[in-house]
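Going in written order, the chains are labelled A, B, C, D, E and F, and every chain counts its residues from 1.
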């Protein structure tokens, strides 16, 4: 299997080895994960100076901390002496970290502040400034925190590109259109799935074709109100056009709805007056704030490679963390509108829990199918037959309903595998790249 | 370790790396398993059109089905869209298979019959005839079903060769000598053993030297009647000569008994009149049907590489399925004479269950020894010392008691490692083959 | 990662790949373990002819036996026919071993004494003298038993070198200075740790810097008497100088104390009169026996590569057995002075049990830290940053307090990573060695 | 004296009733008699399984995510459990089709307190699920139930389930605890 | 009333007797007192462990192989069990020499019904077997026993064992359930 | 007759008391109420967990290392256990900081004999420990306790723990059994 042959963009096919080969997996780690930017958390998790929590950056465990100056740091959680994790608590508050092996101590910014026997036995020669915890490059973006360990990578803004900046900002706007409008619910949801991380990535990139996976839940009104079907969007009566946008040069993908026209709120949350009122007010504020652009509703997507999010009434951001070609750990942050009344926050929280994750009535069927599909990517004969990504091939276009929808993106309206094709084309370039 | 040096046919030794090296294991999968023919089941498992069951073909999970036309199909159980198993039931009856991921549907013959959004979003362009479930080559042989995914492999008959066709046909003849005389008992026995698959293969190929493994059970009359020792054969008073036959060009091996002369039945099943009568009648019918050739009694063997069987009063066919160099999954089909009275079928079933498999008083000791021997093949220093296959070396001959015993086979009478030598010589040729 | 770059002796750093790379692990097995000498047990485990026990030699399981002539044999525990362990009992007494697979039998010295069907089917041709259990080279050293499977390795004495012979002999001297003064307590302690074996090796080589690991136990008087702190040494009032000695050419390392002068016993075990009396008498006898050299007290060390020991009032010898880059099995022999009264033996036994091993209040924290540090050696980004071994670098010297402390060793007084540097320098030479 | 004895026996009878109830409940789940199982749940049931966090020894209050306030594995009422049952019963909930084979084991059943009609019971559980050819899930943890007696019958009013895994090592939680 | 109470206590006594019986039996197995164990088995014992299959939700009757008709892990009487015991006791049954160390754990013991001398009991089991240096087998499942009282003593008349694995993930079933 | 019944009920009450005691003890451990747990241990407690060896079928007496004479996993008194508790409580015993989350499950509780104030009890245990993100330890085995009644209260006088692993497959034994 030549790396250059993993993907056939003409045919719209991808080799199953992409999901099963440990050699390709190792290249992914080096060329895709070690070079990208990763979501590591949200400023609402660090209200006070001294606050910290553990997160992941691809394959790495990192400490995300707010130091005495209020600055946010992302630190490789591995003591420079013998590699021991400097921090072993999921979260907390303090003025630094002491390694439990030989007692080297580090500040909230990773500086090596204490070394036993520094004078007597290192004769003061140990270059402490060189032996602090490894610091990642960090960028805050409308409340979200991003990190990269690649000094040669572009800035986070350039990594996102102009269009994705627009979409990600929109994602992080509250229902009322206010920037940085969300806060994290306590408790990050973490679990493992026995499949390649890309099954998750391609699903969030824009797989509206897998409705059959969820036929069981369609019967059961698991929606926000518990009385409507599983999805719910800022409801207006006018036609909404599912739209799939991809940045082919950077591999980012977005699922969105574009409404035909501005329209009044249609009381979709009537089941609860309080919730309904909140969303009506938000709907109106948002129209005022964003005007015509309020017709764009982000439904989800993937910041290349493995930061995935869902929106459209429920906002979650997560990570597909590669453990091996056939095993993935998932982390999920649940968000609620910062200024919403308790009733809305509770309603959203309950909605997430019955919808997403290992106990989620919707995602359970995704996980089951991905795990089973992984076997089909692994076995000797079956892996000779590439996966098919031909859905709506040739229907993508650069022209778009509204020019403000983006400059560098390709777009397909209605169900398609366009976003997966863009994601894998970029992925395959990086994996095959010999530089 | 050069691949060419794995075996030393002069010395009668085989490198332990053959059982422990993951690199050799990968070559086995490509050169031995992907190129051979495998037993996948029996026509008695598919009485009606629409019947299907899951089986294995080396490393692959396959669907074996009888379609509307009554034809038997062996299909790779992996959806062509994203690899999901199309069927997840061990067996059943229906008119096809629907993939639970995106809902592609397939006919009993593997044809891609349904694709959601075929017209709207594939614009009818998806070449459905090219995207059906992968079909294996299939051959029925006296009720047994065989499959191969190698288009370049010879026909099953040529793969067997003339002599093995004769032996396999004989194996499948009922006690009364009637062709296709058996049916499968419901419930395939499946388990895993932490050893290389070849420990099983060489044992069934003809290891009559390991009696010491079974000294405990020899005390306990676990035979057919529960009153006699563990083996039982169509009993006649005349001398029976254990005979080991191998097809060196193809790697197949057979254990058999050849009786000195035709002789009357000797009531070995006297413990049960009904069983005894049945076997007496069968004995006589068989002599009439087969004449002099009825002196040949197949006791077991291996169709290269991993289809193994036991006979001689109890007929079972099984598969050694390679999971890794050090782990094997075993599948076992139990057979009873199609036309035997219930008492005979029950007696045989109970005999199998106390004899074979994880709960079998005989095979338990085989599994224990193979698992322990596997460690000896793996550890760094011990694997420098080859295994010894010198038993009765040089005693094999092409001349034979009866010319009808075979043209292309080599033969050794009485206990020997002749069959293992032939099995491994062929195996080593394929593994070292660079084509 | 070039093998030559694993270590930077100038900088005092070591690549984390040394602990995580499976490729380096395979080279270790071939170049470090298969070529060294290993402790396999103690003569006190084999009081009678016919006694045997199972042990390990690096990656191998071996039988250690005392044969009819009273000679000690170390045998690869793998039948030469198909690799089955010839012995499956942890210990026992008998006149040989019968393989449970095909019944080949071996003498206590490994000779192939019995082969079923030897005359009839091997026609007496099997060269039995060539097919006995593989015999290791064996050396007894003051009661300890050592083995090697490398015919090209130097003698055990040369492998030790003159200085290490002196230290090891001293280790094996009873508290009263008598040679071969110890016996093994029944029950070898065996467990597994999810870290590379070298975390254990470097710790025993001389890590007096990790006191922070054990701050919890310092509060709790787990010492010999249960009333004093965790360490206890033949107590005298004069200053004792912790001293670290390494044989750079051979990789052996020693932790010791050198007392400023001969001095009377100071009743450190006053908690128990009987114990205290015993140690006082030993102290005096030892001074008489060893004179000035009694000022040297061995505290522990490592015979390269993986035989580790602790002394200083409690004598244990153990093995770090490599299972994979990230997993290690530990075996520990506990010793008591052969001639000590029961009260002393019991006190020592209870001291070991609360101190060492998985239930040991001290070593539990070591195991926890090593396991956590292993992750830091494995993850993609963190493993780019080498481990730091700069403690007291440049303070080692060849001159020494007493010339009898050794000719070929380098020495550092007081806490240092000098011994780890010597251990890894030798290890890296062997791993990079292409011969 | 004999009064002590009587109350001791009363206690025994109550404990036995509770154990029978929990064993029978486990059986209904293993036999997939989900409607009968739902009938054992009080209409006001609260069913809660928190997520475990690794915290400093002096902050035990942070160890489990908070009910009704934070993310939890389960934090719901009977209505949602009913939907879960309906989903499995449809035969089209792929995560449970073909069905898992489960074994629910309850031990250390201890009546903690009795207040009016409410009995607080602590127990330990092991739930083992097998599905398809090779998949095994083993869930081990602790449970605190409040059982309410109404018209003589016991119903589960509150169930708190402590699973102890921090990162869930299984892909799904499709069984009931 | 006090009659109710008496019958309630009778039930309790019966349940306790059954639990003691099953615990004592488990102990005999773990202590390898196999002859004493055989003495607890009725001469007409039927001992059955089916093989589990993955089937469509609406075909539960196909989920376990049929006793007396299909392949099963065990489907035998006391005579065969006696042979299994003799095999282990010989010291030459290599799959059990050296012996495994087992722990038999029984829970959720529930008296399902009493008919004449026959008591039907449902339970859950965990059987853990260790052997040699590193081998571990964990068997988890459900059991249905029929215990018959003869001359005051209980004996196992029928034992149905549901293991729930489809492909057995262990090489051997050398222990008793 | 009714005397038989009375003694049968007495036995039941004793068994229930013992089960409650062991369940309550398990709960204290899982809730890390270690001081309360120590209070359940008799001052003369002997706490013993031998190491298992693989021996010939006819040498069962060699299978477990000997108490007070050979190497054992545990072979100690209350004083050492107190130290272990103090070590964990300090928050600086890294092998237990952050703390493990444990589930102690006791089953097959059987009163073997009663002699004066001493009750000999056999049981089976499963102890499951989770710590940090992914670490799981599962300990399964058998226990023999001698409980002594003093001033009405039960205390653990002797505890023998049979773990059945020969090579311990875990790095640490930081929990209590």
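Everything below uses one rule, namely that contacts are C-beta pairs under 8 Å (C-beta built on N, C-alpha and C of every residue); 3 or more make two chains touch, one makes a residue touch a chain.
A quick note: this is a predicted structure, and the numbers were derived from the prediction, not measured.
The fewest steps needed to get from chain C to chain D, moving only between touching chains, is 2. The chains in contact with chain B and with chain E alike are C, D. For chain F, the chain whose average C-alpha position is most distant is B.
Counting C-beta pairs in contact across B-D and across C-F shows that the higher total falls to C-F. Relative to the C-alpha centre of chain E, the farthest chain centre belongs to A.
Chain B and chain C have CA centres that are 49 Å apart. Chain D has its Cα centroid 33 Å from the Cα centroid of chain A.
Put simply, the C-alpha centre of chain D and that of chain F have 26 angstrom between them.
Across the assembly, chain B contributes residues 88-89, 100, 190, 213, 365, 368-369 that each touch 2 or more other chains. Residue positions 9, 12, 54-56, 94, 97-98, 107, 126, 132-133, 166-167, 169 of chain F are each in touch with at least two other chains.
The set of touching chain pairs reads A-B, A-C, A-D, A-F, B-C, B-D, B-E, C-E, C-F, D-E, D-F, E-F, using the touch definition from the header. Within the complex formed with chain E, the residues of chain F that make contact are 8-9, 11-12, 15, 52, 54-58, 60, 63, 107-110, 122, 124, 126, 140-142, 162, 164-167, 169. Against chain C, in their complex, chain F makes its touches with residues 49-51, 53-56, 59, 62, 65-66, 68-76, 79-80, 83-84, 86-87, 90, 92-95, 166-174. Across the complex, chain D is touched by residues 88-92, 185-194, 213, 215-217, 219-222, 226, 329, 334, 346, 349-350, 352-354, 357-359, 361, 364-365, 367-369, 371 of chain A. Chain contact summary for the complex, chain F toward chain A: residues 94, 97-98, 132-133.
Of all the residues in chain C, the ones that touch chain B in their complex are 29-30, 33-34, 57-61, 76, 78-85, 88, 98-103, 116-117, 121-123, 125-126, 131, 134, 149.
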